[in-house]
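Two complexes follow with chain A in common, the first pairing it with chain B and the second with chain C.
Presenting the complex of A and B:
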């Protein structure tokens, strides 16, 4: 049941079976990361009396507390036996970090099947095997065996991540942390012995801390279960999915054109479309779209894009991308042009794009957006910080104009490493997604437009 | 009138994993999908073949029905645009010879004499059973462009009306349906009806593994499936 995942994210007590202090062992990194968890942590390893300041127990059954979640970082061959002890202790949720299961050949597959049967008999829910597990900014729960000195952890936010790949989960997490983008929760479900992508979607649909989900997948076991879960999720919150990997068709020659064309990817695309999810086509695209979907409070109700810039060349690139992504760029209504002419020096361009030139000031951005944004569906705002007439204050004014008009805005901020970084983080905190290139900013708005369209669809009677 | 169950059962009993063209056409016709009028004739009876052409009215097409022939065009098993009785008679001979030289051991069980339909936009509309996503529909530009253009998109059953519109809107075929410049708008409702009926057929008959309507010709009014292939589980 979906609500079982709540116990994985909000245990009061966690046992780490296979905790250790040996360098490069998962059990070491996980124990270090669990230091940030607000609940009680119980390492289990017969070789140690204490570990990292915790009392260490010789077996799970020796732990003198009820355990809500057990993280098992033992070699695959020992997991089966450990399950009996876990069951004896009355534990009903485990994360299996260990690899060497279905991904490791026939023996591993057979072992995984045996574990699955036994876990089901015992009524134990399983994330994994071969999984990093869960990360929760709400209570600091972190079962990822990647040390914090190598991979930064993000600040709290509304975006949650579901990933089939552990590596991608970690890289996504860090890329978002680096960009100052907050995260609610992360789950890497590994080999999907029990808990799968659909279960994760069901949980996040009901999780008040989650406002949007970004997802990475390579394959799905039960396509219809996934489609239903994705559809239920996307009806409530935005969902963006990056599907990677190719699926080879079976060898048998088939006469019909339909099967020849199918290739599984087309069906995944159908699933995403029917679910109302946005599809991302790569790593950057996933992150960019996720930022826009998680941060932007306002839907993109149409195709009319406004571009405001203080450097004309950047706006040309943005216009190209706008066309590619199906936006229109209607010219400025003449009444608006009039008012802008009165407010601005004559050499500012007041069509669409609005070009404030290198002499444009912070307030000019606010004026431009206040007058023009109500006549468009979205705006992409470029701020070249190399111009000394603008500074970080522009971000506050841009954010205010966005919230006043209640229209989606994405920013593109360029130049000046440290300075730019601060400005970008400031915008994110104000709820405005920001990007280091005009194309990425426009593409992110296109993802928002797509999400608005797909989720706004009224599903009627079934055929 | 044989029921869909009967048609499928007969083929299974015959040890076949696919339906003959006329069987496939009867199957889809029973689900409200329009196919050209045809006569099924004994290929040894040249007079009957000619009579069939005259009964249907020229122009007609001539097709061979053979368990050994999978791709009719490659095998020389389709003769198009036959406009006279004499032409039909000689086409029969030409076709037999071509097949004999291209597909050794081909058993010609029947021939189909079929009304030739006017030219029009050609679509592919198909059904398949995916191991992960279950029964699904394929849709896109059809005819000889299928493999070159790969215009097909998919829909996972059950499809809502919105799903179906979205699906069509993803394709180049969808643009043609709407019409542009010198091309009139085509009968989109006829397309919707075919997709709906094909969905029903796939859902109600688990024995069907794949079904391929290609080409479906779409006109300003109406549509017809010119070739139908059905593969059984």
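Presenting the complex of A and C:
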């Protein structure tokens, strides 16, 4: 039997109640975004005959097709009544975009409770309220009221996102699109009147399109249910979680944001560890770790880090971070050093870090990695694209050498204008995660290492 | 009398010894970059009659003009002899681009020592060897062997950069150019055979174009000289320093990178504190702090932080970081809250953080800041540009309200594609530093606060 959430991600028909063409209204952006959906779309609004080329219906009951999913973008006060019509139409899944519920004070909370009770009576499953809903790269379904002119959508990939905050879901998507990193699905469940964090994890654990999950949470709906879902998920796929509202000030902000209790941070940390999830330190680290976890899934990873660079300063920064993250950087075996010395000009540094200097060529990266990487557990490769002796061809050689060595690798290429951006995207397409600073690259590798350890990898067991 | 370094940044005539047109040679990129220099340029290379439209001279002594600065891009082995010709020509300032000296082992070290002695005998001041040299937005002087096709150059601004690593200098410039942040001057002194970190600080302290300095260092040439120069500088202008090679692994990497001793990190930290400099934690933080310090120079700054957002999740993240950085977030005075409540729809949150929700408009940011900011010491403003109710006009209103309140502010706008990037650049042009994550924005404000404290600002003295 299909999971309860399957119908939310794979409906054949979608109705948008509150569709409109007024700028700045959620119903406009959603209808525009539904143009990318492979199924049938039915806008509902009594004030319009047609909208964006669709025939528009005066009510949900007037729609002549069976509806698998209704997206409701009406003012909060009109939602309760609409629920009756939705039920009458035989719809069992709704995404409630509308805000003005639990997050908006006591009256909103009371309204949300009434809707929860009625939805349960009707057998209607609900994502929301105060939610963006779902984005699925598999069929183009996109219930986000955020225009594509404003926020780019990532291409298809293996990473799925679960976010309690709509804003965070959106900026994660934008950041991943910018970096050329693909995603599978996104869900923002908002006030989680029904569908919650644990349901989403549970669904993604069995979703073949999802290879890893990045999660933003301020609080959990049900601690035990979440822990079970997280444990089941992390036993199969990597899971990285950013818990916000860690400290007193953050917890106070959570109370006014999602009207939930942030809880004791220490308990969350213990739960993440117990579940086998990796904790992200913040927004950047969530993105960084997610890239590493979604692109490289290694059963085990030791602590011996190799650094290859064409800029010495960045290798120093990476080495500092490596130490902070518990990596070791064993010196180069003398036989390898001898071979590198034969292959390279005398001024290249053949210890660890290997410094190809500003004269290092594309092929020198490949030589360095082929000779040295088999003696280490992971590599951190820094390419300063400003050097005239390297070009985008380096990315292919680096990716090939790392794939052949079957070792995890993180690249650092400064994310700049034009040229460097192209190189970043090229590497990501080849399955190599790329980061805009040496510290961030090392921290992402550390997250990957932690994920393999959490999955029962013994420290002694080297690749 | 002009400072020793003045002639390096403001020569009237420049000779490039080792000019060429071979791709991948430093001499090619430098000659191309010198096309932006407002003074006269004389390429020297016996194998060419002309180069890039310039007449090319067979030797430095054959150049028919007085030369203020010679940039030498010859192989290391040919530098010693060239020094005699440079002296014969009456040149007293050289930038030694060439590598293969102290950083390349014992022979290189011996060669560097011989050149140092001879330069001193001749009265020639040297930047380098193994250096990129100087970049000056005032007159377009650019001795960096990094092509502009590869690495963008920032526009003119008030921030100057001192970097022991050429690679770090280049990626800092690229990152600042990408963000639309201007700079004044850059110097990379490489092996600092002569001109060093302290000389550069000393010069920038009196350079009217420089408003703040961001510095990357692995080691100091002379501890006492550096401390004096840093103290003098920081008494007048903000100084942020990233010291790499902090930990054992990083220190080992320093030894092979710049052939210097990284030294005891604790001693550096004490020196920075004593000098009144702010320490950056790494690459990203150096950029972030530098933006804040160069754009906003406030005599004093308290700890009361106001957060305004249109995405609650990002405010939670910012609040967590605020606590880590020692800020307080006092609740909104009730009179202000009442006025905000009158001005806003009921579902806006009028505590601190102020949450304008996904429906917040441009003007709502201005209202929030005008009413609330006078009661706080600094503001952190988050604008999620994906919301259809805000557009780039918000940046003007935010900047105006913050300038009028005369309080420091940091904005967080996700640095994404197109639309959001434009908004970032617009804010930076208005003198407001912008950051791509809430944590980074708060950490930049914390660096600014530390800088004001280091300059004798008492904690009790609020703005």
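Quick notes
One rule holds in what follows: the second predicted complex is superposed on the first by the 430 of 463 C-alpha atoms of A that agree within 3 Å, B and C clash if a C-alpha of one lies under 4 Å from a C-alpha of the other, contacts with A are read in each partner's own complex, and residues count from 1 in each chain.
The criterion applied here is as follows: contacts are C-beta pairs under 8 Å (C-beta built on N, C-alpha and C of every residue); 3 or more make two chains touch, one makes a residue touch a chain.
As the structure is a computational prediction, the values presented were derived from the model and not from experiment.
By the document's definition of touching, of the two partners only chain C reaches A:347; chain B does not. Once chain A of one complex is fitted onto chain A of the other, the partner contacts of A:104 are limited to chain C, with no touch recorded for chain B. Residue contacts after overlaying the shared chain place A:165 against chain C, while chain B stays out of touching range. Legend: residue contacts after superposition of the two complexes on their common chain; A:221 is shown touching chain B, with no touch to chain C. Of the two partner chains, chain C is the only one that A:321 touches; chain B does not reach it. Comparing chain C and chain B on the residues of chain A they touch gives the larger count to C. Shared-chain residue A:365: touches no atom of chain B or chain C. Of the two partner chains placed around the shared chain by superposition, chain B is the only one that A:269 touches, whereas chain C remains out of contact.
Overlap of the chain B and chain C contact sets on chain A: residues 254, 256-258.
Listing the residues of chain C that touch chain A in their complex gives 23-26, 28-29, 99-100, 103-105, 108, 145-147, 149-152, 163-168, 170-171, 174-175, 177-178, 216, 218, 244-250, 252-254, 256-258, 282-284, 307, 310-324, 327, 329, 346-347, 349, 351, 353, 355, 357-359, 384-389, 414-420, 436-440. The touching residues of chain B, counted against chain A in their complex, run 18, 70-71, 124, 126-128, 130, 132-134, 136, 138, 140, 142, 146-147, 150, 152-164, 166-167, 170, 195-196, 199-200, 210-212, 214, 229, 231.
Put simply, chain A touches chain B in their complex at residues 219-224, 227, 254-262, 264, 266-267, 269-271, 273-274, 457-463.
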